[in-house]
């Protein structure tokens, strides 16, 4: 058990856990904060796991996640603006 | 490594529960995106970078975009019907 | 044992979500979650303690090198699984949009009463 | 069936499937064990063809025919979505601005991220045989780059930059190229999708025979089909609902 595994476990529990909690409550716009946190911490977790396994070639995965998580957030900021403008999430009576 | 896998599995299970028990689809789409990141972390811990890469590629932008566009289309169809009545 | 139980639990969570669903889009997302249980099951079946990903950096010298790698066959199966899941999701969402256009609702219960 | 009745059926189904799964899990080899006969066979076969990434070797060499089936599923779903989302009679294209204001920082992010994502996608496809990655993952990443233009900017710029016919042809060309490599294997190697090219040195960019070629074909097909698939959903946003479709007689509302 090396330091990178400990780092990965700590980041999972103290980073992605709270991100999931943020996502579990509130309006869809406030859940976006959880998604942002999950994207950033997720990159760190993936780097830590790659180092823990001693396999530098795994690092392509955090690289792709870092590039695409910004796009993922943009998807929601583009499509959720109606909810934000209506305050409490218009059209959410589904 | 085993503790790491156990922690990641528990987080994935919790994430699946949050996705399923979020009733409003537009909120569910955001949670689905986070669930994809949790799955990618689990796949990396299981030494499957190929699978983690494809989960990240599909789950980060493409599937959330399709889901959100379908939700918006259905919402706008309903709003148009409501205006007609 | 715990990893297999988690895979089964994810499958059941997705199925329960589909049964409770009041919105077809919600049901489609729950189906995607149910399918993600199969990814977890496949990958945990192929995992071996202390092994690394089945990717070589240089030609192996020892004959028993394969025993230090996790199972590549289940990883390839999971890759196919993820692609199929994405295409099924898009097909079903297109179907949901078409139902909304024709029937004015995406609630499965209302759809049934419309037919009767 | 009422909701209560549905839950009863669900409970019976979960109990039955849960029991079967528990039985299977108890008789399976335990988690993390060393018993993987398929792994031993697949790794040996990959080493014979000098393929560093054994997962790519399984997908594009040992199980190449299954991957062709997967491509066909992708093609079929694109056709299905195109049929399902065709404009109904009376629906018209709305032109004009898309709602919402785009910040300057968002535009800048798009300018930086589009080339970066595109290059990353091509890189993932090109190194499919030697590092994690491959045609499918890289194709999706490259398609995401094109859709970044939509999420960051106006739809009209996007529509001009995305000649949809070209992507439909790219998708078809990818599938045809995959089948062509298969036929070439049949002609020169004696079996469908036989790995006929020289295998090269393990872990070099040009190695593993036909695997990089098949990776590129799949990358082309996946990028094309994801762009076409998303564009059908995007076009739905710009269709105005037909006036009174539901009340018009004989429009197929009743099954």
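To keep things simple, chains are lettered A, B, C and D as they appear, and every chain counts its residues starting from 1.
To be clear about the criterion, contacts are C-beta pairs under 8 Å (C-beta built on N, C-alpha and C of every residue); 3 or more make two chains touch, one makes a residue touch a chain.
Since this is a predicted model, take the numbers as computed values, not measurements.
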item: Chain pair, C-D or B-D, that carries the greater number of C-beta contacts; value: C-D
item: Chain of greatest Cα-centre distance to chain C; value: A
item: Geometric centre distance via CA averages, chain D-chain B, whole Å; value: 17
item: Approximate Å spacing (C-alpha centroids) for the pair chain A, chain D; value: 23
item: Approximate Å spacing (C-alpha centroids) for the pair chain A, chain B; value: 11
item: Residues of chain B engaged with two or more neighbouring chains; value: 1-2, 23, 25, 29, 47, 49-50, 52-54, 57-58, 60-62, 65-66, 69-74, 77-78, 81
item: Residue numbers of chain D (touch at least two other chains); value: 32, 53, 55, 124, 131-134, 136-137, 141, 144, 147-148, 151, 229, 233, 236, 241, 246
item: Junction residues of chain A - those touching two or more other chains; value: 53, 55, 57-58, 60-61, 64, 68, 71, 75, 82, 94
item: Touch-based graph of the chains, sorted into line, ring, star, complete or other; value: complete
item: Interface residues, chain A side, partner chain B - complex; value: 1, 5, 8-9, 12-13, 16-17, 19-20, 23-24, 27-28, 31-32, 34-35, 38-39, 42, 45-46, 49-50, 52-53, 55, 57-58, 60-61, 64-65, 68-69, 71-72, 75-76, 79-80, 82-83, 89, 91-92, 94
item: Contacting residues of chain C [partner chain A, same complex]; value: 22-23, 25-26, 52-53, 55, 57, 106
item: Chain C contact footprint on chain A (complex, rising order); value: 53-55, 57-58, 94
item: Residue numbers on chain D that touch chain C, as the complex places them; value: 3, 6-7, 10, 13-14, 17-18, 21-22, 25, 28, 30-34, 36, 38-40, 42-44, 46-47, 52-55, 57-59, 63, 66-67, 70, 73-74, 77, 80-81, 84-85, 88, 130-132, 134, 136, 202-203, 229, 232-233, 236, 241, 245-246, 252-253, 255
item: Contact set on chain C toward chain B in their complex; value: 2-3, 6, 9-10, 13-14, 16-17, 22-23, 25-26, 28-30, 32-33, 36-37, 39-40, 43-44, 46-47, 49-53, 55, 70, 75, 78-79, 82-83, 85-86, 89-90, 93-94, 96-97, 100-101, 104, 106
